[in-house]
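To keep things simple, chains are lettered A, B, C and D as they appear, and every chain counts its residues starting from 1.
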Amino acid sequence: MSKFHVSTTVNGDAVEYLCDPRETLLDCLRDKLNLTGAKEGCGTGDCGACSVSVDGRLVCSCLMLGVEAEGKQIDTVEGIAEGDVLHPLQKNFIEHAALQCGVCTPGILVAAKSLLEKNPSPTEEEARYWLAGNLCRCTGYDKIIRAVMETAEELREAS
Amino acid sequence: MALDDRKSEFTFVGTRPDRPDGLDKVTGRAKFGADVSAPGMLHGAILRSPHAHARIVKIDASKAEAHKDVKAVVTRADFSDKVPFQPGLEGEFWNVLENVMAGEKALYDGHAVAAIAATSALAARDALKLIEVEYEVLPHVTDVDKAMASDAPVIREGAADYSVPEGMHPNVVRYHESGHGNVDAGFAEADLVIEDSFVTEATHQGYIEPHACLGMLGNDGKGELWCTTQGHWIAQKTCAALLGIETSQLRVTASEIGGGFGGKTTVFIEPVALALSRKANRPVKLVMSRSEVFRATGPTSSASMDIKIGMKKDGTISAAQGVFRLQGGAFPGAPGDMTAMCAFAPYNLTNVKQIGYDVMANRPKQAAYRAPGAPMGAFAVESVIDELCKKLGLDPVDVRLKNAAHEGTQASYGPTYERIGLVETLEAAKAHPHYSAPLKPGQGRGISCGFWFNHGGETSVSLALSEDGSAQLMVGTPDIGGSRASMALMAAEVLGIPYENIRVTIADTASLGYNDVSHGSRVTYASGLATIKAARHAVERLCGRAAAKWGIPVDAVKWEDGCAVPSGPNAGDFDPMPLADITADMGATGGPISGHFEATPEGAGVSFGTHIVDAEVDPETGKTSVTRYTVIQDAGKAIHPTYVEGQYQGGAAQGIGWALNEEYVYGEDGRLQNSIFLDYRIPVASDLPMIDTVIVEVPNPGHPFGVRGVGETGIVPPLAAIANAVSHAAGVRMRQLPMSPPRILAALKDNG
Amino acid sequence: MVEVHLWSGLRSLTGGQQVVEVQAKTTGELLRELVRAHPQLQAPIDAGVSIAIDGRVIATGLTEPIPEGSEIYLMQRLRGG
Amino acid sequence: MDYHSPASFAEASALAANATGITRFLAGGTDVLVQLRSELVTPDTLIDIKKIDGVSDITRNVDGSWTLGVAATGAEMSEHPELSGDWPGVVEAMDLIGSTQVQGRATLTGNLCNGSPAADSVPAMVAAGVTVTITGPDGNRTIAAEGIPASPGKTTLTKGEVVTAVNIPARGENGGDAYLRFIPRTEMDIAVVGVGVSLRLDGDTITEARVSLGAVAPTVLLVDDCAKAIIGSTLDDVALDALAAAASAACNPIDDKRGTIEFRTEVAGVLAKRAAKIAYARAKGEQA
């Protein structure tokens, strides 16, 4: 079984890896690039813990093959903060206690960032539906939604 | 030195600072179970039975062993043969071993029968197909009532313990009966008696992080284990027993844990990884798939229950009786006793009787799930109380207040209550705007009370001061929901130094004495109590150093706002000596200053909650939406109120899932039909409203700051509260969970 | 002497008695004395019991003092999630 | 597993025609990867068609009809205001599939060729009269969407055939479509029942209608009796009841983990009425 050589960009850095065609982008990020922020919660695209952005589009990295990443721009949770400055979403997730165990948090942050980029003024309902593919078992989503709505307001005021 | 044992005024406790591990968790840096690797690491995979019940005639792994990528294959023969079989829960090590790797029989769909370690995860998965297992398929049973019937297939002879009455099926393995008074006389006094039966399906804890571990074990019997767990000491103890090594030779480190809710209080893959590692002489990583999590790790029990309650016209409950049959998979342990003991605990009853059965069936071994056993009992009991209120035209909160247990009430499970907070939660419910808000057509409102014991457990904490006056706190209870923050707050409160100057670490098993699992809502209570006592121990030593410097007796020094000060005018006139001044030269004044506490705190106060919920039912499709939800619960004292709210909200959300859509669906073949999140339907963000919370604080006399555990009680009332709301909205009593749309629509049709 | 209240399921092991009087100053002594009075109680004690002293549930401890005249209930061992 | 990313459909077709064992085409991969990962289907040959020029295009043709590339995603469809304006039912049906993340990858063609009777976009496509263009060893052909599914998990496509485009007819005047499905949650579920309705009005009277049902039979159904029940009516209560009855009568469902026969049969009628009302309002130019 021959492996494929993939050149791609992750969080702005040019990277390369060899992968089996059966390996997912999530496998490649975690096992080959040691970017373990994205998690495998289900492997079937139902939990969103593996969310990343590919060419600006929110996807589940467990539902994309590693070979498909050739030439793409991939953004993961590890790239959300700018240096030591947290993104307002990250800051608000901490302040609002929008995480308990924290395993869904990377995926939710990536998804919420994507939401606010597409829709700076989401209603609560829009935020809930946008994040419906990100399962959280700890919080009941209340504090997550509040943190997202608060961030949206802050970002609107800042711009 | 004067240290008040009890405290009610606080500087740090009750504030809401950022959690210490926040940055790690929002940047992807936090290391969970599957996030580590080791040099030379192999990847494991587990072969699982496709049958619900089958004799394992033969396992031929020769083809797998011959494969170039495969470095080890293990079966039951690779585990200790010295783990004794004993009936009931006394044989728990044997039960866990049998669950971790099947012996003579595969007992449920998904039961592990062999495992492989190979050079890559793909290679390991591929090589599983090379193992040939010959099964003799046996009759199976998955339903609790059918498992108790005389013609049910026997899962295992001899598993029943002393408690089971003569003549019961061998699948009934434990029996509980308790209560007081005379229920028959009580029913005779009632103006209305309702007798009804209820059924709940098994649900899964549904933590988002699958089980994952990395094990290394040499032929010298020394090992290392990294795993996602609620308790690494129990993992250490169990793995050592199952592998036949000394406990202390296995060092276990708990990873960050991606949810547990009781499901990570035991081991599944950890002994397997160690057995593979011992055979391959290399580290082995094992990570479960989601489907493996559903098929082979702890769901909760399914239950079948009969309730009979008598009420007088004024709302007084004259007698209450419940029979609770819980199915817990192919092993003893279903918490029928807990269900029975909790079911009527909110009420002051003269006549009460409760019976619980622990029943085996061909399903995975049940594991604890948040107040294990209590939610289903509350569903049944609170549904009948609701129906009584409706038929007698009484307000459901008033009736509960009339019958509510309080300090001095004899609990349904026997003893007399100390100070408890049920009445306060009911009064808060009655006063809450939610309770009086108008309902729209098609909506119904339900309420329910809930009870849980809470737990103390073995606890060790160590606190070390640094020269610069900061503190490092080592606790042994994995942080599942922000407990580092509450530990740091309690330490800050005692030491009088800023919260930010305290670093909380979850120590590994080699760095601290034994700690019981993060379960039973015990972390903030027990590790918190131990933290307070360890900090007080350090403070005693700080005071000692100050006393020596001042040349006064140690009992003439007290600790105030982070400083040693003379205890009174007669002690001498000295300026307050801050902690950092004492630690700065502690190496030269007697050596490092640390505080320790090791004990089994035995004062975990019981806790109560009352939930109010509004639900709307689509009469044409049977679909329910929860439109408003309020949780009111006694926390004793909320150390970090935001995380207390989070526990309340999380418990409610899980309860909503259990009530409406979550269930284990088994086919006629005994195989689990819905082993992915697509079909095991936990609530998603768009399913839920905001969940309001009210924190009631009735201090627990058994904790220096008054803390009661808060983690579990929040899942007890939701099933009943939602069932009551749905029953009012739909106009028909729902007696089976989940109240999925097909069940509601069928009930509506039956009702005409 | 303290009166120990058993749960009703244990009556079959004590010849129908639900309250047993024993001489005990600690929880450990209490369990020992219970078995001495009713040897069949060894099985439930081995399976796991907790002891409530005046309403405070002692989950496992054998050294908790038992004040004279206190209310004592034997309970099945509590387990959490 | 062999992985190929051909530059043309001809090449893709040739690869598939010459492959042995199991072959799958990869567009969004939201079904293929799930099946691969769960070892339900491990293809011997996987042909990624996303490197082919134009596969993500959404084009409005001069006659008002639409041509969608086979890799155009649900997200791209939802973000296309004109397409959403013409065929809101088709776009919404696609949008109901999975999460935001899945929308970033999932395609109409993938949903159709997965062969699931519960595929959300398929009843909407069938109601809309969508056709697909196919390239194969024997050349090109165009067939109606309802001609693709054969049975659960199976299609009528033959070895070497690959779908190259999705064709949605011109909406034309006074038309409207809608799709509704029943799921127990608000998101993330497979349809327990799905109903697609497309109709055209003359004044208040329905002159044309197509009604399609999903998840109530081994394949998605196009139900003539449902159309007959409302054609010629103003969607009054009598017509709606007849529609519901026809929808329920057409059901041939199974009991499974997602729903019962009784439930599916009943709810098919309920949703048919609700979807028809939305389509009707849209045809009248009202917001719905």
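Throughout what follows, a contact is a pair of C-beta atoms (placed from the backbone, for glycine too) under 8 Å apart; a residue touches a chain by one contact, two chains touch by 3 or more.
Just so we're clear, the structure is a prediction, and the values are computed from it rather than from any experiment.
Visitor: Does A-B or B-D have more contacting C-beta pairs?
Guide: Counting C-beta pairs in contact for A-B and B-D gives the edge to A-B.
Visitor: Can you work out the whole-Å distance between the CA centroids of chain A and chain D?
Guide: About 29 Å separates the centre of chain A from that of chain D.
Visitor: Just curious, how far off is chain D from chain B if you go by their C-alpha centres, in Å?
Guide: It comes to 44 Å between the two C-alpha centres.
Visitor: Counting only Cα atoms for the centres, state how far chain C is from chain D in Å.
Guide: So the centroids are 67 Å from each other.
Visitor: I need the residues of chain B touching at least two other chains; which ones are they?
Guide: 261, 676-678, 683-684, 686-687 - these are the residues of chain B that touch more than one other chain.
Visitor: Could you say which residues in chain D touch two or more other chains, in rising order?
Guide: If we look for residues of chain D contacting two or more partner chains, we find 38, 186-188.
Visitor: For the protein chains shown, what form does their contact graph take: line, ring, star, complete or other?
Guide: Here the contact pattern is something else, fitting no line, ring, star or complete shape.
Visitor: Over in the complex, which chain D residues touch chain B? Could you list them?
Guide: Residues 38-39, 182, 184-190, 192, 256-260, 262-263, 266-267, 270.
Visitor: Which residues, counting only chain A, touch chain D once they are in their complex?
Guide: Touching chain D: residues 1, 4, 21-22, 24, 43-46, 48, 51, 54, 57-60, 62-65, 67-68, 111, 114-115, 129-134 of chain A.
Visitor: So in the complex, the part of chain A that touches chain B is made up of which residues?
Guide: 20, 22-23, 27, 30-31, 35-44, 46-47, 49, 76-78, 80-81, 86, 90, 93-97, 99-106, 109, 125, 127-129, 131-146
Visitor: Looking at the complex, which residues from chain B come into contact with chain C?
Guide: 88-90, 161-163, 165, 174-179, 261-262, 265, 335, 337-338, 341, 353, 367-372, 411, 413-418, 453-457, 519-522, 600, 602-604, 606, 702, 712
Visitor: Tell me, which parts of chain D touch chain A in their complex?
Guide: Listed in rising order, the residues are 1-3, 5, 26, 28-30, 33-34, 36-38, 42, 46, 48, 50, 73, 75, 98-102, 104-105, 186-188.
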